[in-house]
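Input: structures, listed below.
After this come two complexes, each holding chain A, first together with chain B and then together with chain C.
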Partner chain A sequence: MFDFSEDQINRYSRHILLQDVGVEGQLKIAQGKVLIIGAGGLGAPVALYLAAAGVGTIGIVDGDVVDLSNLQRQVIHFTPDVNRPKVDSAKEKINLINPDVNVITYKEFLTSENALDIIKDYDFVVDGTDNFPVKFLINDACVMAGKPFSHGGILRFEGQTMTYVPGSACYRCLFHMPPPPNAVPTCSQAGVLGAIAGMLGTIQAAETLKYLTGVGELLTNRLLTFNAKTMDFRKIKTHRREDCPICGKNPTITTLVDYEQAVCDLKDRH
Partner chain B sequence: MIMATHKLDITNEHCPMTFVKTKLKLAQIAKGDRLEVLLLEGEPLQNVPKSATEQGFQVLEVKQIDGPVYQVTIQK
Partner chain C sequence: MAKITVNGENQEVELPATVNDIIRLNKVKQPDMVSVQVNEGFINRDEFGTFQLKEGDSIDFLYFMGGGSDV
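So, the complex of A and B:
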């Protein structure tokens, strides 16, 4: 069972030293399978830290290619990666950090058609996407499949995150429906301070490692929000709703749906 | 219940690998078993027993073996 090599013992020594992680926790991390949806602002720090932590299998879903405008915050992609598929660029960096990680890439966007099939092999899912339709899709797919996940969203100087495990409040318990297309700007329209992506993504990475090791208390039934202008962090208590359309007593949503996207997001996705 | 005694030599290790190696060995032995750790005076002698105690292990004995070499007995 304790078959870490000398190099691995050295590499993970700062985890092994932690009382709550130790050798046993590092083994759980090594056996963990995490799916990151979106290899962008949030997915980049999540992937880098989970790779460094030694997560055994990391899946990455993204159908996009690296754009020069991504590099201001998507720190897993470098200047020579412009025009390369994001999943290829991310996989290369993950394995440069840690060759122990088995990386599985999905060069496609998550849809109602492929979502359940992609998430089924993973222990934990990280939402690193930038639009509401797919955030609701991730929530619905994870609730249906009984998969824990970390929700994350950033805009301008602000971020929010929550963690779902079966039985806790889901994203739809808090936010019933996606806002109408174009009602809320995405970060591609409104702008975002690059470092916010790192702040929120590393919180999501920490939640993932907490889930895998069983350490501490997850951000379940709480929504963490922060505003980097004032550096105010808030935790808002949330509750599972009995009338939630997906996780409530009588769910009205029984199949996955693709909500309409804002027009300017769609045109980026040729 | 028979409690076994295990041995570990970390006289060639440096901080923090001294305690990393100790934790690895402690993870492999059964609860109640004892681990006799050979270590050097100075930093290892100061930190390994302290860290072991902080992380919930019991330090039963610290004794000088030969010059700078000490033996710390830890119970899991």
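So, the complex of A and C:
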């Protein structure tokens, strides 16, 4: 039986005070295993808040190193971390915030080869990636493995997020196929207001904690979109599609695929 | 003129109008990249040019959004 120490009761007291969470909910958080894919703009606030919340196990997948241009929004990485692997930088900060968290790092990119194997050990997956091939890969792998996940996307002054649990509308129900490479700009091409990453990432962190504790109503069958220029938030109701190629009645996608990556990232033009 | 809702906002359009007409009227930047729902049901892309809207319909445009880590 898992028991909290006096220090832990103190550390998590603001959660425990919440009628909907309490010691029982905090125990669920402590036993939770969450995988964060991408230790960037979205992954950073997600990792920081989940670490502070006391999520027992946090896995982080990212094969990249910290770039100076990341620091404008990827708040888990600090100036001396430039050129360090993002997973190492993130792990260090997570454990500085909360030594209780067991951090598992994957210094690699998610591919059709490793995706199912990596996600299988986790209760909840957070998509913090910048490109559509991986967003579709995360969706397909989670649908196949029956894993819930949070989708997040940001661009310029806007953000969108939805939560998938088995049986609800998946990302492919909304967006059938990845856009052709370079058809839709990414943040590294079109820019993003740094704080947007925090706004969206903290929503994803809240969804994760809601899932682990069973509190409230998840953002399933709804796409939340916001525009920070007007601060208009909108929820678009969605439904699972019976003809969805992955979660529909007769799925046509039965194996994972690696779609072509965008080729003109700012990084590559340097 | 028929009253419809586009992305939660009231609009008036001349009928007959297809999904493609509404996409054009709203100056959607990348029409081949947008997902469209009418009354909370997705419309297949190959029906954009033929699907007729009617008074009171609610249309939502869903856009691709990347963002996050440059992995």
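One rule holds for everything that comes next: the second predicted complex is superposed on the first by the 262 of 270 C-alpha atoms of A that agree within 3 Å, B and C clash if a C-alpha of one lies under 4 Å from a C-alpha of the other, contacts with A are read in each partner's own complex, and residues count from 1 in each chain.
Just so it is clear, contacts are C-beta pairs under 8 Å (C-beta built on N, C-alpha and C of every residue); 3 or more make two chains touch, one makes a residue touch a chain.
Bear in mind that the values here come from a model prediction, so they are computed numbers and not experimental data.
Enquirer: Touching A:Ile16, do we find chain B (first), chain C (second), both, or neither?
Expert: In the superposed model, A:Ile16 contacts chain B only, not chain C.
Enquirer: Is chain A touched at more residues by chain B or by chain C?
Expert: Touching more residues of chain A than the other partner does is C.
Enquirer: Should A:Leu174 be classified as contacting the first partner (chain B), the second (chain C), both, or neither?
Expert: second
Enquirer: For A:Asp130, using the defined touch cut-off, is the partner it touches chain B, chain C, both, or neither? Pick first, second, both or neither.
Expert: second
Enquirer: After superposition on the shared chain, which partner residues are touched by A:Gly152: those of chain B (first), chain C (second), both, or neither?
Expert: It touches chain C, and chain B stays clear.
Enquirer: Once the shared chain is lined up, is A:Glu24 touching chain B (first), chain C (second), both, or neither of them?
Expert: First partner only.
Enquirer: Just chain B (first), just chain C (second), both, or neither: which does A:Asp62 touch?
Expert: second
Enquirer: On the A-aligned overlay, A:Gly38 touches which partner chain: chain B = first, chain C = second, or both, or neither?
Expert: Second partner only, chain C.
Enquirer: Chain A touches which residues of chain B in the complex?
Expert: Touch residues, chain B against chain A: 16-17, 19-21, 23-24, 27-28, 51, 54-56.
Enquirer: Given the complex with chain A, which residues does chain C contribute to the contact?
Expert: Listed in rising order, the residues are 7-8, 30, 32-33, 35, 37, 40-42, 45, 60, 62-71.
Enquirer: In the complex of these two chains, what residues of chain A are touching chain B?
Expert: Counting only chain A, the residues touching chain B are 2, 4, 9-10, 13-14, 16-17, 19, 22-24.
Enquirer: With touch defined as at the start, can you tell me which chain A residues reach chain C in the complex?
Expert: Listed in rising order, the residues of chain A that touch chain C are 37-43, 61-64, 70, 74, 86, 109-110, 127-132, 134-135, 152-155, 158-160, 173-176, 179, 183-188, 192, 196-197, 200, 223, 234, 236-239, 241, 265, 267.
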